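You will see chain A twice below: alongside chain B first, and alongside chain C after that.
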Partner chain A sequence: MSIEEQYRTRAKELLSGGAVKMVIGYGKGTTANRRRPLFISSPDEVERLVLDDVCITNLSGYLVSEGLLSDEKRVAVFLRPEGIRAINILAAESQLDADQIVIFGFDVNGNEVQALKGIHVEEFADVIGSIKEAAPEAAEEELFEKIEKMSPQERFSFWQEEFAKCIKCYACRQACPMCYCRRCIVDSNQPQWVNTSSHTLGNFEWNIVRAFHLSGRCVECGNCDRACPVNIPLRLINHRMAEEVLGAFDHFSGMSKTQEPVLASFKKDDSETFIL
Partner chain B sequence: MSETFEPKIIAFVCTYCTYAGADLAGTSRLKYAPNVRIIRLPCTGRISPMFILKALQKGADGVLISGCHPGDCHFTHGNYHARRRWMVFRALLDFIGIPPERVKYSWISAAEGVKFAEFINSVTEDIRTLGPFEQYSQLIEQTQAPASL
Partner chain C sequence: MAKIGVFICHCGENVGAKVDCTKLAAAMGEHPGVAVSVEYKYFCSDPGQESVKRAIRENNLTGVVVAACSPRMHEATFRKACAEAGLNPYLCEIANIREQCSWVHTDNDKATEKAMDITRSMVEKVKRNNKLQPIEVPVTRRALVIGGGIAGIQAALDIANAGQEVVLVEREQSLGGHMAQLSETFPTLDCSQCIMTPRMVEAAQHPKIRLLTYAEIESVDGYIGNFSVRVRMKSRYVDVNKCTGCGDCITKCPAKKISSEFDCGLGKRTAIYTPFAQSVPNIPVIDKENCIYFKNGKCKICAKTCQCDAINFDMPDTFVDLEIGAIVVATGFQVQNNTMYGEYGYGKYPDVINGLQFERLASASGPTAGKIQRPSDGAEPQTVVFIQCAGSRDPSKGVRYCSKICCMYTAKHAMLYAHKVHSGKTHIFYMDIRAAGKGYDEFSRRAIEEDEAAYVRGRVSKVWQENGKLMVRGVDTLLGRPVEIAADMVVLATAIIAQPDAKEFAKTIGIGYDEYGFYNEAHLKLRPVESSTAGVFLAGACQSPKDIPDSVAQASATASKVLALFSKDMLEREPVVATNNEATCAGCWGCVLACPYNAIEQKDIVDRSGRVIKRVASVNPGLCQGCGTCVTFCRSNSLDLAGFTEKQIFAEVMGL
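Then we have the complex of A and B:
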């Protein structure tokens, strides 16, 4: 039985037994290589679930939708390892109760979909540990290294060109499971930290703030990057930040549901070589 | 322009240590560069990275941030939190192309009036050598230009 079939059967069991009130998974998209989020709450609908190698969106963000989990009922969700890490972070930041989440874990290796064993986040600790060990590279490693080697002026020009394209649609924010603030800093206007018009200066500030707020929290699922209508390589900035917190504080985001957020904790012997 | 470039520098300092240190520099009649505008805050933990961006947005050529030495914080650990934040923010600015030389961090206690004066002088000299932050001021100018379609 394929994994798709297995998971459909499991979803059917869970929904008909009332163990979960909803299953969040993937359904057919508008074209053959696209999948869209699917929310099903009746066991008759499980046939609409699809699971294959193009199921890439991180669905964990839907779990923090207002009111979804407030009735304390369980919700099942299809997640790749990054999504599972995202659940850990959301739980660590008290945004959800991890016990309410039933995980349908899977990973894609080449074109092959593999099931990940487990139901609750704790059971995936080994999977997450091995990702940390493997030290994942940036999505576009070549470009990343090229940027690292540039002089500050060249880097500024590179990003200036990229950010000039930004239209401040905030799709990156909407797609990100970590951007759950009810009131984002760019929506606040007293004081107005970031300019609302989409000129390059404001775009710089918006993208700096976005990356900073995701430092030590981003799981590099790539939702922001794929959502960007003008293809700014946002993942590269997030990757640089992940590298920084790993190197400086040995912090790998989403290791466990009790992990302390890196910028809300400290050690007395943190590095401070740059402070005069 | 033959005039020497006078950099505009904004300093965000904590009231309990560095501001008192600046006060000591003043009462000790130490001379230091007049290029720095000091903004006093309750603690380095209160210095949001947004402040640094705002200073640059308003045309600062450099930004200084200074507070109590580790262990001396009036609120016991505000500066420890700040230190982590700076570490990450510094890497971010560098990756985006804002040179780390323009944003400097230091610990200056209430007893270090001399260190304060020297710090201000050295940073002002460094930024004068770097020159105006032209790449950024171009962006600022763009925001003031009339909209074009």
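Then we have the complex of A and C:
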């Protein structure tokens, strides 16, 4: 039985037994290579679920939709390892109760889909641990290497050019499971710290603020990057921040549902190399 | 409409020489919302303050900016003046045009321009300032003194003798600290134990002092007047309530060959022991590492010997929770380990010892009962070489600073030696003789003139062993020639360093420290015994290397600070506290973790039927110290700090 079929069967069982009230998975999209999120609450609908190598969107963000989890009923969700890490962070930041989430874990290797064993987020600790170990290679990318080699001035102008394209649509924020604030800092206008108009300065402010808010939290799912209509390589900034916190504090985001946020926690043996 | 008064202070020449105050006053006078803009030589003077008050009354000012020195200097002064003129003190701000401008710039025109920016930015802030009312909090009248050396004991006694409660916490088994180890003390040569022991006993028996020995500070929370402190009582394995201090267990303990820490390795002790005969309290502890029972599961001879059934091998650590109003830190110092000087042979040749070891040799209660005997064979040394600054003033191998006491104690050692070994000869290598203090120069002169200590100005380059002698090679820089001395014993005046755990401990109590681990005073000249954390004071050698007179003086000074604090029923606290916007808070609890004062709690927002509809963060204004950490952390920008609101800071930045 293919993994797709296995998961459909499992979804059917869970929904018909009432163990979960909803399954969030992937359905067919408008084109052959596109999948769109699918929300089903009836066992009869499980045939619409698709699971293949183009299921890349991180669906964890839908779990924190206003009111979805407030009845304390369980919800099942299809997640890749990044999505599972996101559940840990959302739980650690009190946005959801991890026990309410039933995970349909999978990963894509080449174009082969593999099932990940486990139901609750704790059961994936080994999977997450091994990504942490492999982290440096994960983002090996030509552009990233190129930016790393630039002088600070060159890098600054590189990003200046990229951010100049930003149209402040906030699609990156809407797509990101970590951007769950009820009021984002850019929407706060007393005072208006971040300029709303999309000129270079305002764009810089916005993108840098977001990178800071995501440092130690971004799971590198790529939702923001794919959502950006003007193709700013947002994943690279976030990856760079992830490397920084890993190097400085040995903090890898989403390791466990009790992980303390790196910017709010203080350990006596934190390195002080960056304090002048 | 804002009516801001701008008062530009020349600070004598300090500001006036660099900043064109007339030009600054004129420019500020033009700024929208400024009703008065004047300059004066010293606004902090009486007539200066009077003129500010008059201006407030005459013009009905809604805010005041004093462009002058750092707010650390005179913010309080001017806020008080404003209050006296009927203006809420929090509507007064200082624009620092001295430390941040005139003192750091050379170009007058540019400095004037910058002063305008700084002042304008403050005017913009003050326009948005709100009236704030101070917060009143009660004071717990109980002091905690950490460290039972002479400094801690003095502070505890002074506070207790004024009728206030003290908890004195010492991590070793006994009170005493380093002074208990000393033989006789400069500059009067009175016996250290003889002057120390009565103090220790007095502290232990004082009805107002609660003594906790073999105890460590586990955590400190809260703030001035209202600290909560948790103390770990390390298990002694001896019940303090049953033990009578007879010492039978110590005599019988078969593990006798343990190197004594108190005697700096020159003597031996048992596994159940008191560090020295006059220990206070005189109750032994079992050293788990070396106890035969703890190692092999067999022995318990002490338990069988004890008539009072005081020994309990299963005794756990326990905790004591304390409510405290003020803290005196008196955790003292350590001597540096001299093994980094390979060329001096410390640690290699047994007869190369450090100053503290010499104290033990010279002490009547020491391992040799006060006879000067060299450690290797017990022979009386006939020639002794002392090497000063063995670690101090040596940035390459030791520490950069001067340890302050070594010149004096080396002179003392030379005297003690001369008094005990009449035929003996001393040579002292020194860089300078620093003998400033009452009776100090006379003391070191006496060592030279009466006790014939031969001072050689210069450094020692090498010590080696040859024909049963320690050969010391150095250079006499006054005569400009090399010297070589065959000695029987070499004493290193090793550097005074901070406690090895000083930095760690500073983080536990929340105070600052310098690069070496000595604790930072709030102001070296004007607030030398206060730490930068309100309600925490510093006494003794934990702040910098010190001798006994200085340690005691500083300890009494901390006591006076504590007593001043305890003289009030309520403390006025600055109303600079954080508030949370419950509507926008995302309930991530990042701020709860980030707050160093545990001032933020989780709060449930319930609907009419009592159902929780939302969880948000809530700041307890009694605990909040106004540090602003939470404000910078909060991603949704929900937290704001009274007195430094986002609006005010934004206006300040935009005013630049």
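Everything below uses one rule, namely that the second predicted complex is superposed on the first by the 267 of 276 C-alpha atoms of A that agree within 3 Å, B and C clash if a C-alpha of one lies under 4 Å from a C-alpha of the other, contacts with A are read in each partner's own complex, and residues count from 1 in each chain.
What we mean here is this: a residue touches a chain if its C-beta (ideal position, glycine included) is under 8 Å from a C-beta of that chain, and two chains touch if they have at least 3 such contacts.
Please read all numbers here as calculations on a predicted model, not as lab measurements.
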> When the two structures are superposed on chain A, do chain B and chain C clash or fit side by side?
Replying inline: clash
> Looking at chain A, which partner touches more of its residues: chain C or chain B?
Replying inline: B
> Now for A:13: first (chain B), second (chain C), both, or neither, which partner does it touch?
Replying inline: neither
>> Quick check on the superposed pair: does A:216 touch chain B, chain C, both, or neither? Answer first, second, both or neither.
In response: first
>> After the superposition on A, what does A:153 contact: first (chain B), second (chain C), both or neither?
In response: first
> Touching A:94 in the superposition: chain B (first), chain C (second), both, neither?
Replying inline: second
> For A:263, is the partner it touches chain B (first), chain C (second), both, or none of the two (neither)?
Replying inline: both
> Just chain B (first), just chain C (second), both, or neither: which does A:47 touch?
Replying inline: neither
>> With both complexes superposed on chain A, which partner does A:181 reach: first (chain B), second (chain C), both or neither?
In response: second
>> For A:161, using the defined touch cut-off, is the partner it touches chain B, chain C, both, or neither? Pick first, second, both or neither.
In response: neither
> When the two structures are overlaid on chain A, which partner does A:193 contact: first (chain B), second (chain C), both, or neither?
Replying inline: both
>> If I apply the document's touch criterion, which positions on chain A are contacted by chain B in one structure and by chain C in the other?
In response: 185, 193, 263-266, 268
>> Considering only the defined contacts, which chain B positions touch chain A in the complex?
In response: 49-50, 53-54, 57, 70-71, 77, 80-81, 83-100, 104-107, 119, 135-136, 139-140, 142-143
> How about chain A: which of its residues touch chain B in the complex?
Replying inline: 147-148, 150, 152-160, 185, 193, 195, 197, 199-202, 204-205, 207-209, 211-212, 215-216, 237, 240-241, 244-245, 248-249, 262-268, 270-272, 274-276
>> With touch defined as at the start, can you tell me which chain C residues reach chain A in the complex?
In response: 504, 507, 583-591, 593-594, 596, 615, 633, 635-638, 646-647, 650-651
> What does chain A use to touch chain C in their complex?
Replying inline: 93-95, 180-185, 188, 190-191, 193, 213, 260-261, 263-266, 268
